[in-house]
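Structures are listed in the sections that come next.
Two complexes are shown next, each including chain A; its partner changes from chain B in the first to chain C in the second.
Let's look at the complex of A and B:
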């Protein structure tokens, strides 16, 4: 049954054409905004040239090489070397800060341990939280220098989510209402397995569609950004990225990207369930399409403007919130659960699964009735 | 097989769509006739289990359908007026899909589907996409779909709508072929389609069953009440239909 539901849902020329077109659009969008050229991003291109000399070397050696190159530069006319001088300056600053990195971590570790000691007796939650922070800062070290500073460009790229959501809505509107409009549901509902079992199978087919779409676009984004920025390592820790250096995350970049993908996927799955619920409730596919769009835009607005006070808690139910999953993962947001500091990301994941179970039950209920 | 409808009523708010329908159906072909809005589709929806009656119950060989629950669908084969074909499926795939929905196991499907394709004369086109099928072929495929679980009750809603005369004759032959040991209910506006094959005619108007009898019985009732005009080319049953639904 699943095989046929998958075929009905997305094994057709229209869906393939839609996916191919939007994938191409996504690629063009990335290259238009991110591909470094002599006119758009000369600093980065110069950095890449300099980077080849220090690639994979330990920080101290890198600093010496760049320092040496900067000295050599002073012998040349300034108008020809301004760009290189700026790049060397910036790199030296970063390398100096990297040399200070072990000391800074040690300080942060000691500070966290001190706080943990203070809270040992009267606040178990803060005690556990600071112990965790101390553990994380204590484990950090950077052995070599790699080009990873532009990873946040990939992490913050959210345009593909818009395209995926559009494809989810376009594919999902017909899942129930299309059959009602064509009359097929009359035959289906006169069969033994055409009720709850079929609704469940349709939901699974839809989730497979969502996973495939998300994976396809994630791979496409990864390849395009790799071509644009020529990242050098996925096995470096997240704190190797300059922008994330102070955040208490010790995962490798690859693991962080996978986690980020999974949290975003969870949000997309919940959105797909909402579209399916609308498809069960409304018989006209065009109306389902319109209502789904309004619903997603509403959720996005609430995520953007309702992220204060009680809105912060309500937004945990908002699937659009999960599309910005990197914030949940990067910032050690925790909740006090029986004295233990439980990660907000873990709780949010639980909430998303609970939402999906609730929506599944609602879909089966309305489909059967 | 006996299908008994006990005081079936359906109301939407204050509007009564079906009123106290009592019927006992035995094996044979029944023509369900009535004008638009008579309640034919509602009655069919209740018999197929898609809709719950406001009052009354249906007994299947003496057992209430409420008791049978989903097992009741094993007795039912249904082809609505617009069955909603999946144009990117082949004829074989469409039958296989519905066979899965009807709970047929893989081995059963392997035997049953070729049989059905042979029966509805679509064996040579089973690998073709449905989008290339003619109206008549689609209708035969729809009947094939309804027959997959070898149902004891076969319900066909406006099965000949949009078919040319040749396909209508083919349809009648097909129904006659499968009619043994089945209750077949054909809801239609086209009186001539059921006149020659129906064992009994059910006349439904304003949600009430106004007549239930053989073609001969209904025609006899009309003796002296109807004066057929030869030039109109109407059959006897059409005269009965026009008499009852003249308003």
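Let's look at the complex of A and C:
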């Protein structure tokens, strides 16, 4: 039965055309905004030349190499060396700041330990949270120098989620309402497996559709951004990225991207379930389409404008919040759970599964009735 | 009934399109009433002053207007009370001086507001597409044309009548929508100065077109209506070929969105207007813009579209529209262009009503949740009647620096923030809580922040005021950047208020602070703030009970009352001041020693007479109920509050560190070792 549901959902011209068009649009969008115009820029080319000499070496060696190169410049005429001098200067500044990195971590660790001590008796949650931060800052070490500073461009790219949501809505509207509108559901319900099992099968088929879509777009994003920015390494820790240097994440970039993808995927799965619920409740597919769009836009706007105060907690239920999973992971957003600091990402995962179970039960209930 | 009448009856009444139009107009009215000018302030009084002033000087630049502005701009009283509005008026004056022939003083008015907010009306496009689906797609899809073709008036004649209805309704909707917008904005802002040249609007300063503002609006009204007509023609043809309403909707929006997306860039933004499809023409804003090329750039950001070009663009678009519309006639005459489609019947059924109700309920719940979280909890506010940034020591805390405080009860120094990730700093310490400036959204590079009261013991916080919108626009998933729509007007005030510092005072529901020589009063109940006073130089400001003492650029000690706006110079040649409930202590320029005056002892000329109470010059002075203490060099000097006498040699002792303050018979000193602060205290009884 699953095979037929998948076939019905996947193998039709509209799905193929929609996915192909939006995938193409996604690629165009990435290249339009991100394709570098600096490839012929002499400053960039000079930087690249120097960078290739030092990449992969430890920070101190890199600093010595660049320092040595800068010293050699003094033997050459100034008009030929101005560009190099500027690039060396900038690189040295960056390398010097990286050399300070262990000290900064140590300071943060000590500060966190102090704070943990401050809250030790009064607030177990903050005690545990600060201890966790101290532990994380205590474990950080940069082994080699690689320029991975453009990764945030990929992490912050959210437009593909919008396209996936559109495809989910377009694919999901007909799942139940199409059959009800044509009266086929009356026939189906008279069969042995036409009740809960069929509803369950449809839900599984939809989730497979969502997972495949998310995977397809993630791979597309990865390839496009790799072409645009030529990421140097996926095995570096997240704190090797300049923009994320102060944040308490010690995972490798690849693992962070996978975690981010999985949290986002959960958000998409919940959105798919909401669309299916609307499809069960409303018989007219166009109305389902409209209501789904309104629903998703409403959730996105609530997440955007109501993020503060109590909204921080309420938004843990919001699937659009999961699509911005990197914030939960990067800033170690946590919730006080019986005195323990539990990561929002983990809480969100739990809530997302609970929401899916609840929505599944609702779908089956409404489908049966 | 004629064919026209029957068609109109079918679509508007039978298929309930009238309801959609009614809802559309209702939303249009609501949106129009909510349109407003983005002033760089957040104060009704300032807005009122600006409007009155501009109404008074509206029209062509004249000498008396220039003189009035010059005079008022230099008038410290007016500047003190309406700094922001006068700055804006002065900027308008400078703009008028650039070209007195075409730049007029322009008060707020409906047409200017509409012209500067011109954008593609996506909602109208959506309504037009729905109308196309109801009028055309359904019949082609269900093969009704096959039957009508056999009738006397069928075939192309029938299609032509539909085309006439469709185009007329499209143009009608566009014109009524724009008139409604003008009507609603007209009620809010009036229709003054409509005869001013369009160049009087800053955005259209470089325009070569010789229009008045009213002519410009009519010009845009006509151009936009023609553009919507062309869009209707295109859609009429598409709806005949693509009989599935969903596809019709996608293609209809696509022909506008895709070129808009692809052609919008930094340079040559006029490209959007020079297409064969109605994209920029649906907007119209660019037709009034002039050449825009920054001084350092070689390329144009925008190149003006001349009248001839506009005629050319519209000719091409109308021809394309007619050609595409011809598809419909081809279809009606029996041509085979139809893409088979599934069922369509898109309008309201009685069962849907309950879901609409459910939807509305959800919206209400969401709005209520949103509103609830906006309501600040005032529990902490009741605990501290007043908090001043100038007080370093209170009953409960000692402020060590911007990031550290000393908890007197616990006897330890703590850094502010629950973790090292929190981005906040201490503004002031109160008797039971700390006032902090805090960025709520981590990692978003914005100047938006909140001011909160923090109870460190119970780990509670209350928001006093929010600067900026505090919006996380990443949640819009890039939609705002793709359709180039601003969901929020820019708010300059958040950036301006980042200068908030230790001059801050919280009292009676108001927050006062000084930044960049202006005094801001924030009403925490309304989350509003306004500049209440301005002077060329404000130093050593001391704000309390709605009044302020400060030293101006000439060394005068100035008193200002925010309630009755009274300003007085109390003394000359002053270097530093300290003010408690009864007395004012000063250090005079080029004179050693500490001087004091009672606040209510004004001399005949309105000045205070200061008496020298010590020959030592204090660097810092603090007091409590019974004692006044000041530090001069490495020694601390003490007075009994009640018994200050002329140049009496006060009790003194060796200071070990910097004086922080005196509270409850304890003297608190700050000591620094390797950049780390330490607080030590001595009981007063030791002295």
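Operating definition for what follows: the second predicted complex is superposed on the first by the 326 of 369 C-alpha atoms of A that agree within 3 Å, B and C clash if a C-alpha of one lies under 4 Å from a C-alpha of the other, contacts with A are read in each partner's own complex, and residues count from 1 in each chain.
Note that in this section contacts are C-beta pairs under 8 Å (C-beta built on N, C-alpha and C of every residue); 3 or more make two chains touch, one makes a residue touch a chain.
Being a predicted model, the structure only gives us computed values, none of them experimental.
Of the two partner chains placed by the overlay, only chain B lies in contact with A:198; chain C stays clear of it.
When the two structures are aligned on the shared chain, A:179 is found in touch with chain B, with no touch to chain C. Using the contact criterion defined above for the overlaid structures, shared-chain residue A:126 touches chain C, although it does not reach chain B.
By the touch criterion stated above, A:171 is placed in contact with neither chain B nor chain C.
Of the two partner chains placed by superposition, A:36 touches none, neither chain B nor chain C.
In the superposed pair of complexes, A:319 makes contact with neither chain B nor chain C.
Once the two complexes are overlaid on the shared chain, A:12 sits against chain B while remaining clear of chain C.
With both complexes superposed, C is the one of chain B and chain C in contact with more chain A residues. Residue overlap on chain A between its contacts with chain B in one complex and with chain C in the other: 182.
Here chain A touches chain C in the complex through residues 28-29, 32, 108, 111-112, 114-115, 118-119, 122-123, 126, 129-130, 133, 137, 156-159, 161-162, 165, 181-182, 247-248, 281-284, 286-287, 289, 291, 294, 298, 300-311, 314, 320-321, 323-324, 327, 330-333, going by the rule given at the top.
Interface residues of chain C facing chain A in the complex, by the touch rule stated above, are 245-246, 262, 343-346, 349, 351-352, 355, 359, 362-363, 366, 369-370, 372-374, 412, 414-415, 417-421, 440-443, 450, 457, 459, 463, 466, 469-479, 481-482, 487. Residues 45, 48-50, 70-71, 73-74, 76-86, 88-89, 93, 96-98, 100-103, 142, 145-146, 149 of chain B are the ones touching chain A in the complex.
The touching residues of chain A, when paired with chain B in their complex, are 1, 4, 7-8, 11-12, 179, 182-195, 198.
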